[in-house]
Structure formats: structure tokens, C-alpha cells
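Mind looking over this structure? Questions follow.
Chain nomenclature is as follows: A, B, C and D, assigned in order of appearance, with residue numbering initiated at 1 for each chain independently.
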Amino acid sequence: MSSFDQIAPQLEHQAIELPSWAFGNSGTRFRVFPQAGVPRNPEEKIADAAKVNEVTGLAPSVALHIPWDKVDDYDKLGRFAADHGVRLGTINSNTFQDDDYMLGSLTHHDQRVRDKAVAHLYECIEIMNTTGSRDLKIWLADGTNYPGQADIRQRQEWLAEGLKKAYDKLAPQQRLILEYKFFEPAFYHTDVPDWGTSYAHCAALGDQAKVCLDTGHHAPGTNIEFIVAQLLRLGKLGSFDFNSRFYADDDLIVGAADPFQLFRILYEVIRGGGYGPDSEVAFMLDQCHNIEAKIPGQIRSVLNVSEMTARALLVDHDALAAAQNAGDVLAANQILMDAFYTDVRSDLADWRVSRGLPADPMAAYAESGYAEQIAAERIGGSQAGWGA
Amino acid sequence: MSSFDQIAPQLEHQAIELPSWAFGNSGTRFRVFPQAGVPRNPEEKIADAAKVNEVTGLAPSVALHIPWDKVDDYDKLGRFAADHGVRLGTINSNTFQDDDYMLGSLTHHDQRVRDKAVAHLYECIEIMNTTGSRDLKIWLADGTNYPGQADIRQRQEWLAEGLKKAYDKLAPQQRLILEYKFFEPAFYHTDVPDWGTSYAHCAALGDQAKVCLDTGHHAPGTNIEFIVAQLLRLGKLGSFDFNSRFYADDDLIVGAADPFQLFRILYEVIRGGGYGPDSEVAFMLDQCHNIEAKIPGQIRSVLNVSEMTARALLVDHDALAAAQNAGDVLAANQILMDAFYTDVRSDLADWRVSRGLPADPMAAYAESGYAEQIAAERIGGSQAGWGA
Amino acid sequence: MSSFDQIAPQLEHQAIELPSWAFGNSGTRFRVFPQAGVPRNPEEKIADAAKVNEVTGLAPSVALHIPWDKVDDYDKLGRFAADHGVRLGTINSNTFQDDDYMLGSLTHHDQRVRDKAVAHLYECIEIMNTTGSRDLKIWLADGTNYPGQADIRQRQEWLAEGLKKAYDKLAPQQRLILEYKFFEPAFYHTDVPDWGTSYAHCAALGDQAKVCLDTGHHAPGTNIEFIVAQLLRLGKLGSFDFNSRFYADDDLIVGAADPFQLFRILYEVIRGGGYGPDSEVAFMLDQCHNIEAKIPGQIRSVLNVSEMTARALLVDHDALAAAQNAGDVLAANQILMDAFYTDVRSDLADWRVSRGLPADPMAAYAESGYAEQIAAERIGGSQAGWGA
Amino acid sequence: MSSFDQIAPQLEHQAIELPSWAFGNSGTRFRVFPQAGVPRNPEEKIADAAKVNEVTGLAPSVALHIPWDKVDDYDKLGRFAADHGVRLGTINSNTFQDDDYMLGSLTHHDQRVRDKAVAHLYECIEIMNTTGSRDLKIWLADGTNYPGQADIRQRQEWLAEGLKKAYDKLAPQQRLILEYKFFEPAFYHTDVPDWGTSYAHCAALGDQAKVCLDTGHHAPGTNIEFIVAQLLRLGKLGSFDFNSRFYADDDLIVGAADPFQLFRILYEVIRGGGYGPDSEVAFMLDQCHNIEAKIPGQIRSVLNVSEMTARALLVDHDALAAAQNAGDVLAANQILMDAFYTDVRSDLADWRVSRGLPADPMAAYAESGYAEQIAAERIGGSQAGWGA
């Protein structure tokens, strides 16, 4: 197995984007439990994200959600971010919280609604032009609840048309990232339910269109690392939305539900060239946890990604290839498991210290007084929520 | 196969309780889309439920949710219901929408919160004493999102204690109905996740404790009709919450996702003595549909239950038993399918007419002008929502 | 809704291929229960398949499995089939029952084994040249049981290479049909696990490569009719393997587990142009039932497809489109359900009689004495099994 | 967190029974791949199991399967085992591989078959009386493939009757262990599909009846550790069948698919008093791996259980309870994760050496020459298979 020292240089390439909306209140359909100190505007969200980066060094950028993070002056917002040591990242479109979108957006049967959704994508691209963001991420809530409710075949054509219109507005350095999701909020069919659908549309659009893989958006039992390997092979893995889940789209802390799965995913990312300075794969968290404190929850998640990346980097590729080519099932498996079971936590703590970061970012945050400070300061105004 | 005339007398026993909360706005965590004419108070919910009963003759009672349906004078509410041709039914407790309950209610680690939850159950029983309701239905959102978050073993003891306290307050004719749910809103563990847990607690409590089977609350692939048969055998099937789902707890119209499953469930209900004048099994809808009109959605659901009950009653039991006892797999299956594939819709329409009901309740409702009337009248005030 | 008379002419296009291996013994890993009268060679399998066609008129061709159905003289076998009123159809390759294939075939780490698997595909194509079969169907058992066991990325390259070699041998009128399967017999990863993977390979190969959709080969909850619609849209739906399942790949009688799903699938087939004289989509059964009689099980399956096709043809497209375009969720759903709930069985019986077929094919078979005849005649020799 | 030295004494209580059938050939319905050196009789199976114990010190007993392991003289077999350093353990009944059992055994519609199955259980109990085995384990393949095929309600009564007859034959120190399984080989319904059913029957039978939890026998997403906690609470957890799976009942090496789940299960075992000298919970492997070498696969499995037990013992219970009682979700989770992420492998190697065992049992086995020896010696005769 590789030693930690051997892989340490590669750890420097790690950058995990944080979603601005992760710092607002969120919940289930049963209840959104409010938390103290929750941000009230995009600046406060960015400040919170910057705090995560301050103690981890792993989260240098913040994704925005439009219209949740609409501001009058994006240059100013960008400078605010820079002043806090982070930059603005992916622009996420939202075509699911307006009454018009109840029955769809890009796939709605009414041309007026489809045009409105396309106009929203145009607006997002204009914001990207200002913020310098590379990626427009499109997740659609489009789908139906009942068989017969809509023409699922025709909706694919409308989807292709709408995506094409947005794609054609991209500058050469920009990308359209199409996310897929197995189900929810639609319960019978979803218009982009699987990687195959996202891939087919991206392939038709062109080289600037890529697939977003959200780790929580698959059918039970799906082998996600296979999809990683396949999309990398096809040149179409654009980005990750990391989170974890036991059941549906639970949006739990990355690696909380199945750490070994996270390890396997990261192993295939590395194996397939998706990690490192030459890769254009974007790594982002997308988890809306409900009951735990927001900022520490994000810190824990980026640390989990970092720890698992280290373990995945430790895999002894030569020994693994030799066992695989010998057909030695048990030996090959054991080589992989050896890396997974290696406890990298204290090596990583030392590595962080060597880079001027806290050995224990969770403790550093707790001791920083930031939680108490924002709880005291952010009184009045309306708390940002998931969807506000 | 039996003829429709032979089974018609049995159809008269059908009574499906409607939940008051089905008429308010509801949605997913992504968005609650408001509808025109949605009720603003318990009386308006009852009026809507009564409308369903008026056109179907199948829904003579309305379940209340406390505190959503709290009123000062339950006698008056009961008279209001009676004036509209329905009566008040099951009282549903709610220990999931108060901030105190974020980490549990009857299973919370803090004695104060557990006591508060028990006090709420006492309050519900007092309301039952006034309304004359037989059943206290307890569905708990209790659970955890992360391994280690709580002591799942200890929580079972607290659960048993809390239930015991409520059970001991029941009058002899009252029942405690304990619902189970596979997951959601908790994502790692749920304190009453399966029928076995609900059964074990009800068995410990005594004869007045029964299990509620919600058709949407099972792991993928679960054979629900088996559970029906088992609970009937054990004397512990208290009630049904009917709805349907493709994935998780989608809360779609009964029979919409898998009509054959609904048929099989109703067949086992009848087979096991759960249907008819001698049965104490309660039938209720519990679906919170999001995008279709509220009242017609309920009408469609009770009609679906009615149609499937008719089909299930049509099964030729003697022929089926003969084929089963001969080990003739294909013949036995075909006898069951013959009943399922029989189109009972026009016979049921005639039957409804013979009882002074509309042949087509969906059309009768549409033509009644009620939708337009409530949309016009119910302006101002705040719409009842799921959770309000 | 359309009337039966209106759709009857379209029913004449229905042709469902039967798999030769469905008539042999099959079972689970726990036990294969032998049946009386099971065929001992390809001719007897064809004779049984022909019997299904004789009483249904729906099954004019028989798929072969190589090497299970290897014979010295395929011309002679073709004439035998023709004499029995059927023809030889799809050639199914088998690269999973030789010791060499324990760790893979086209994706095996050993070049020798990969070459052997390609050679087998060549052999199948040569047989196709003799039998006049259009389709080479490739289902691979390739996959791994343990993380790390093999290089799943590299295996995709080997897969692409192997498929390309076979594809290049096809005559212009021949097709390569690549089947996908979620899991089993491999338990960790499968090399062609989903439609997306099959599609990506077929797209790379060219126009003569198409996807086979086996209705039992998906993750729990997958919306199969969506995949039908998508593949038809992409011009890549080559064929169906029909069966049904409650859990994994149960291989039950078509429509037995979820008749409404079968209806929705057939509706999307028709909607997307996959049914009728202009379509090249092939319909095949692929079910290996274990405990029911073989021939009646196949008869029941083709009848189920026939009945559901009739229901799907009955959908009133104009009314449906109108409701969909009005955003009337309940009305649109009801229009679809009206067709599903229509009892077409007696109309179909009359239609069969009008074509010189038995009104009740199940009864006709039972009365034919064929079961007793083959049980008496097929003594000695070794029964064909699934895998022999 | 506890130190390894603190928990080391508790590790000595660990004993994992091995199934004799794990050493024979096994496979899927697609193919059973034979291996060199596979045992040809019960003695050779015991010798192989003893080899696992020799290098691990963790597997002191061997479970037998009747009739697969029937011998004329069980005393002699017991002495053979003792000579090899192990003893005979649980007796597993088999009522699924005789033609009579195609449609059921204890639940068969034919009294004759039910009586035959009961007689088999009697035979097993007689063997137990000779071998001194404590446990009769009953796993039933009983179930149906099609709705209507059998009367699932009545079958519960027959099941109860049959179990009662066997239970009444038990000596006071003997136990009846009833295993449940979600599905397979039956595909529509299983007569003991879930822990609730097994529990209800065991509760009715009496104190000597307990539930067997096979980790591979649950619906997707089931929280198994909850069931562990619940059954321990109810005093009904009799034994474990350990294995792992990604999809259905894959029968992979314990901990191979989801090591964190194994950790959580073992944590609840310890938490609930199921581990240690005062516990009567039996731990057994039950995995029938297909493609990897038999003996090393078993060694790897017992080592995985051992490693995870050590990690679960390391959990700092006081700190965990404090965080739980403070409602600190993230801290509580982290305390659990800290134990999971601790690398115990070298401490365990030292501990083994201190007990006179090899530091690396996998290497010790490989170097022992046993594999080569049995491959050379066990020529001729028929290899034991799963089911033979």
C-alpha cells in the first residue's frame, strides 16, 4: 500500500464546493425546524461557507441558487466572497418553486411555461457571465404523479428543445450540467430520472454539456461507482452532488450512511482520471440536513470526503492490478479493503497543521465562538430557508 | 365466479373514513402548491368531506387531527358534521410539529418532552370522550437521522411507557391504534418502523391496542396482503390508512399505483374476516395529494376502494379452494385474476342509482358547482394546510 | 374510448416469440423441480412452442439458445419448425455456463477467454446465416461479486472491443441486440447493468445495434415505460424480453405481478411507434417458471400480452391529449384507467374464434391431450433443463 | 474511547459457528462452478471447518444440515470433530429439496406432506439428542409464486401446528430457532417473510422458541440493527446467520458489502446484552460464496466479524450516552464513527499471536499447503454441493 506521505501531495488538489442553501433552514414535508443564527441573505450564507473553508481549507467556492441568491450587484457579491477567502461557483437554476411550474417547467405542456423556464436559464447564464462561473447546473423537478397525466414521450422532445436553447447561449468556457434524479418531488415519472437520460441529452447537445451525479438520486441498490466509471469513460461526468442517504433522497452528511460506498466512488473517480489538476469534474456538497447544526454539518461532510479521498489514494494500484489479472478474487478485494480500513485521521490532522489549518476543524469551529456570534447577531429579518 | 347481484348486499357495509387534513393544501418539501377553495377551518374541512359522502354514499365519517382541528366546542362540531350527514371519527394525535419534538416525542431522551407528548395523548382521549370517537390513532415521527444519535434500544422502553400511560386512560370501548412507518421523516431509524414493532407493543398493552396498516409505509417489495392476513389472524388489525405509492410514502390516490395490489389486500381483508358488519377493522383514506384537485381526488379514491372491494367479493371461493387444494397453480391464479379483470363499473353505477346516489360521482361533483362555490366563498383567512 | 371493433385489425400484427428454453426444466438455486413430458432436444422444444402457437395464433417463432439448441443441421431444424407452423427466430448467445467464464466472458481479464467468447458470437452469427435469423441477442452474466475483484472501467473497454468484433461480422439485415440486467448472477457489479450502458455501447456500434429491454431486469421502483419511451425516441429499442417479477428476476408469467405496469409498458410501445407492421421491435417471452406446467404457463403469458395490448390500443388518444393539454390530472389519469379496466376477454375470445382459433386457448390445450401425450412419450433420455 | 487492551478480554468470548455446507460447491441458478478439493462427505466438511478454527481460534463448532450431513453414527462424527478441535453445533433442517416440497412443507395443502415435514423435524431432534446440539434451526422455503396459488392465511395455521409438534418434542435444554426470509425461492409470498412473523410464532410456542436473524434476508433499506435491538429487548433473538449482500440474498462474505452495517449490528448486539458469556445468542456464518475459494472465504468472514466486534467494543459508552442525552446529534454520531474508523487490525494480530494463533490467518492458511493437499487427495467420489 502507498504511504500517507506518498499521497499527501495529491490531497492538495481537493476542492469541494459548498451550496449556499445548505446554511438556511431546511426540513421534510412534515416540519422545518428553525435554527439559531441561520443566514438571512446571500452574504451571510457566503460568510458561513467561508467559515467552513477557514477551518478545513477544502471548500474554496460557493454555489449560488437563483432566485434564492439573487442580488442587485454580483460583482459586489463576488468581492464579498473574495474578502472572505472564497469565490462564487456554480449557478443553480430553479424552475420548481413558482406556481407556474406545478406541472413542469422545460417539459410543461404549455409553451408559455416552457418559455418562462428557458428565460430563467438565460437569466442564470447572464449571472454566470458576471460572476465568472463556469457551470450552469440544471436540476428539474419535472415529472408526473399519475400514469396518463402527461405525454412522457413528448416531454422528452420539449426537454431537448429547452436544453438546446440554453446550451446555445453558453460562452465557450461555460458548461451546462444536467442532473438526474430517480424520483421526488414527482412520484410516477421524472423527466430526467437516470444517468442514461441525462447522458443521452448531453450527448445530443455537445461537448459543453455534462452530467451531474448526485449520490442520493438513484434507485435502491444502484451501483453508483459503476456510473462514475462509465461517465468518466464517456467523457461526460461533469460534477458531483455529494450527500448520503439510507432510503430516498435523505440529504444526510456525506459518508454518514455508507462510508464504504463513498470510498468506492472516490476510488473510481481517481481510477478514471476524475481527480486532480487535469480533471474538470466538479465536487460539490448538496445536503440539506434537518436536525443537526448547519455549519458543523458541512465541516463534517467535507472532512469525510477528504478522509475517504486519502483512503482511496492509498490503494496499491500495482498490487491490485496483479491480483485482478491473476483472477484472485479474495486477494484483490483485500487490497482494496486494506486501504479502506487504514486510519488516516491522525495523518490528515498533521497534514492540516502543516498547512496552517486546525488539526481538528470541528473543535476549532466550536471554539471559534462563531456559532454564538451569529446566533446573537442574526436577529430579525427572515431566516433563509430551503426555498427562500 | 359470483355474480354482482350476489355480492351487492355486502357492498352496503362499506364505510371509508376521510381525513380532515386531506382537504387542506399539502405538498412536498420542495413546494406546497396552494389550491383555490381550500378550507380555512375544521368546519370547512368537514363540509368538503361531507360532499364526498353526498356523491358516493361511502364516506360517512371524518377523522380529526389534533391540534390542527382543535375547536372550543366539539359538541358543536359534531352537530355541524351531523347536519352535513357525516360524523366525527378517529382522533389522530400529532407529536411532530412542535419544536420540542425535533428529536422525538414519546421516545425523546428528555423526560419533559416525553411527558408533554403523553399529555397530548391525554388531551386527545379527552376529545374522544366528547366526540364519542372510538379510536385514538398514534403515528410517531420519532426516529433518528444518524447512527449513534440516540439509544434505539432505550427508546423502545420509553415508547412502551408512554403508550402504557395513554392506554390506561382509555375507556373500555376505546382503542389505541399504533401506526408504523418504514422511514420518513427520520432517515436512519424509525421507532415504529414495521408491523412487528407495532404488534409487539400492542400485544403488551392489551386487547384495546391494535395496529394501523398504512399501505404506503413499507419497504420496497413488501407483501402487504400477507401482513393483513397475519394481523387479522393475530386479532390485531385495527385500521387501514389507504393511499398508494410508487416509491416512498407518495400519498397518491388509492389504487393509482398498483390496482392489483389493492385488490389482493382487499381480498385478504375479506378472506380474514376484516370486512362486514362483524368486523372492527376501520378503513380510512390517508393521502395528501399535491397537484390534483382535493375533493375529486378523494372521490376517486373512495370509488377505487369500492370498485376493488366489489372485485374482491366476486372471487369464487369454492373454486379457488378446490384449485388450491389440488395444487393447480395456474388454475388457482386464474380464478383470482378472473375476479380482478371483471369490469364492475357499470354494475356499481346501477347499484349507486338504486340507492339514490349519482351513477357517476365524479361527474355529479363537477356538475354540482361546489368547486366554484368554495373557490368564490373561501377568500381571506388562511388556508388550512397539511400541518396547519 | 375506442371500441374493440376499431382496434381489432391492429391485433393481427401481434407476434410474440417464444424461447426454446422455457420448455425445459428450470428452477432456483435451491432446487430444480422436474416436470413430466419435458423436451429432450431442440425438436421437442419447438414442437411445444408450436403447440402454444396452435392454440393462440400469437407465437409464430421460436428463439434458440446456443449451445443449448445446437444441432448438426439447422436447415433441417428450420424445416421441422415450418412443418409445425412456426419459424426459427432470434439466436441467443451463451457465455456463462462454461468454467472459463466464471470471472467473465467478453470482459474477462484474460485475452484467451475474451477471444473464446467472441468466437462463440461468431459461431452464433454463422448459425443466423443458416437459419435466416435477424437478431443476435447478447446477454452477459459478466460482473463481479466483490469490490476490487476486477477493474470495472477496463472491462468496459474490453466489452466495447468484443461487441465491435461481433458487430463487424453482421450481415446488413442482421442486428446485434444487447440486453442489460441490474444484478445476478454477479452480486457487486454487472458489466451491462442498465439501459444507459447498453445504449452507450449500441450508439457507439452503429445502427444495427439495439437494446433489449427485459422487464425483470431493473432496480426496484424503476419506471420501465419511461425507458421504453426513451429508447423508442432514440431509435434504439430492439426487443423485449417479457416476464414479470415481484422482487428480483423472478421470471414469472408476464403480467402476473403487476398487470397495470404491463399495460403502461404496452401503451408506451404503441404511443412511440413500437407496435405494428412498421416497427422492428421484437417481442419475446423470457420467463423460466419453476412450479407451474410449462406449456400452459407460456399460453397464459402470450394471452396476457394479447389482452393488455388490446386494452392499450383502446386508449382514447384524442381525449387523453386534450386532458393532458388542459393540465387536468384526474381526467387524464381516468382516461387511461378506463381502458385498463375494460374487460376485453370475451371480445378477444370472439376475435380468436373468427380467426379459426379456440375461444379459450387454455381449455383447448387442456383438452387436446398433448400434456398426457408428451408425458407418455418423452420417457428416457435426459430432460432439457435451463442450462442443458 | 476504550483502548484495545481494555476490550481484549471480551474478545475471548467470541465464537462463530461454521456451516458444513459452506465448504461444498454452490452457485446461482445460472451455474455452479466446481472447485478443486471440495469435500465429498461430512467428515471432510468438518475437517475444512476445523482448519478455519485452527488458524483463527474463532470457529469452535460446525453446524450440520440434514439430510446433507446424515451419517450412520453421529457419535463417531462427534468424535471426529473433537479430534479436529471442534464440536458439532446447530442442526439445520431441510424441507425444500424433495419433490414433495415443491408447493410447501409445513404449510403444504396436503396433510401427507405436512406430516412428512414434521417427521423430518422429529428426525432432526433425534439427531440433536445424539450430538448434544442445543439448537434446531428451521428455515422454510415455503411460499407461493402467484397470487391465489394458495391460502396464505390458512398456511399460517398449518405452520403454527407443525412448529408446535416439533416444539413439543424438544428437551428442556434444546431450542427451536425459526428463521425468516424476505423472498426466494418463493417469489410472491413467503410463509415466514419477516421478523414479526417469526416472533409471533415463537411467542406463541414458548420460551424455547427463538428467532434467527439472517443478515441477508430483509427488504431493501431495512434497518437490521433495529431488529437486533428489538428482538433482544423481547428476549427472542436466538441466533444470527451472518453474510452480506448488495441486492437480494447474495450470500457474500460477512462485512463485504457494507462493513459499517456490520459494525452497527454488532454494536446493538453488545448494547443489548447479546454478546458475552451470559448471552445465549448464537453466531453463525451462512454464506454460500460462488467464485472465491471456500476455506479462505470462511476465514475472511470470521476475521471480519472479529474485527468489527473489536471496533464495536471500543465505543465509548459513557461519552456516547452523554452526547445522546444532550441531544448533540453530530457529537453522538462522531463518537460512534470514531470506533468504526479505528484500525484494530494490528492490535488483533498481536492479540492472536498472544494466544498462540497466527498473526495473519489468511497467510497462514495459504502457507499451510492444505489447499493443495485436499485438491490432490479428494479425487473421485462426488463433490459435496449445496444441496447434496
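Basically, contacts are C-beta pairs under 8 Å (C-beta built on N, C-alpha and C of every residue); 3 or more make two chains touch, one makes a residue touch a chain.
Fair warning: this is a prediction, and the values are worked out from it, not measured in the lab.
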Show me the overlap between the contact partners of chain A and those of chain C. B, D
With touch defined as above, tell me whether chain A and chain B contact each other through largely the same residue numbers, more than half shared, or through different ones. same
Could you figure out which pair among A-C, B-D or A-D mirrors the B-C interface, over half of its contact pairs being identical by residue number? A-D
Centroid distance [mean C-alpha coordinates] between chain D and chain A, Å: 40
Could you give the separation in Å between the centres of chain C and chain D, each centre being the mean of its C-alpha atoms? 38
For chain C, residues that touch 2 or more chains besides their own: 103, 145-147, 182-183, 188, 220-221, 223, 246-247, 253, 256, 260, 291-292, 329-330, 333-334
For the complex, which residues does chain D have touching chain B? 103, 109-110, 144-153, 156-157, 182-183, 188-190, 193-197, 199-200, 203, 218-223, 225-227, 229-230, 232-234, 260, 264, 268, 271-272, 320-321, 323-325, 327, 329-330, 332-337
Can you list the residues on chain A that touch chain B in the complex? 26-31, 33-34, 96-97, 99, 102-103, 141, 145-147, 182-185, 187-188, 220, 245-248, 250, 252-253, 256-257, 289-292, 386-387
List of chain D residues in touch with chain A within their complex: 220-221, 223, 246-247, 253, 256, 258-261, 291-293, 296-297, 300, 307, 329-330, 333-334, 340-343, 345, 362
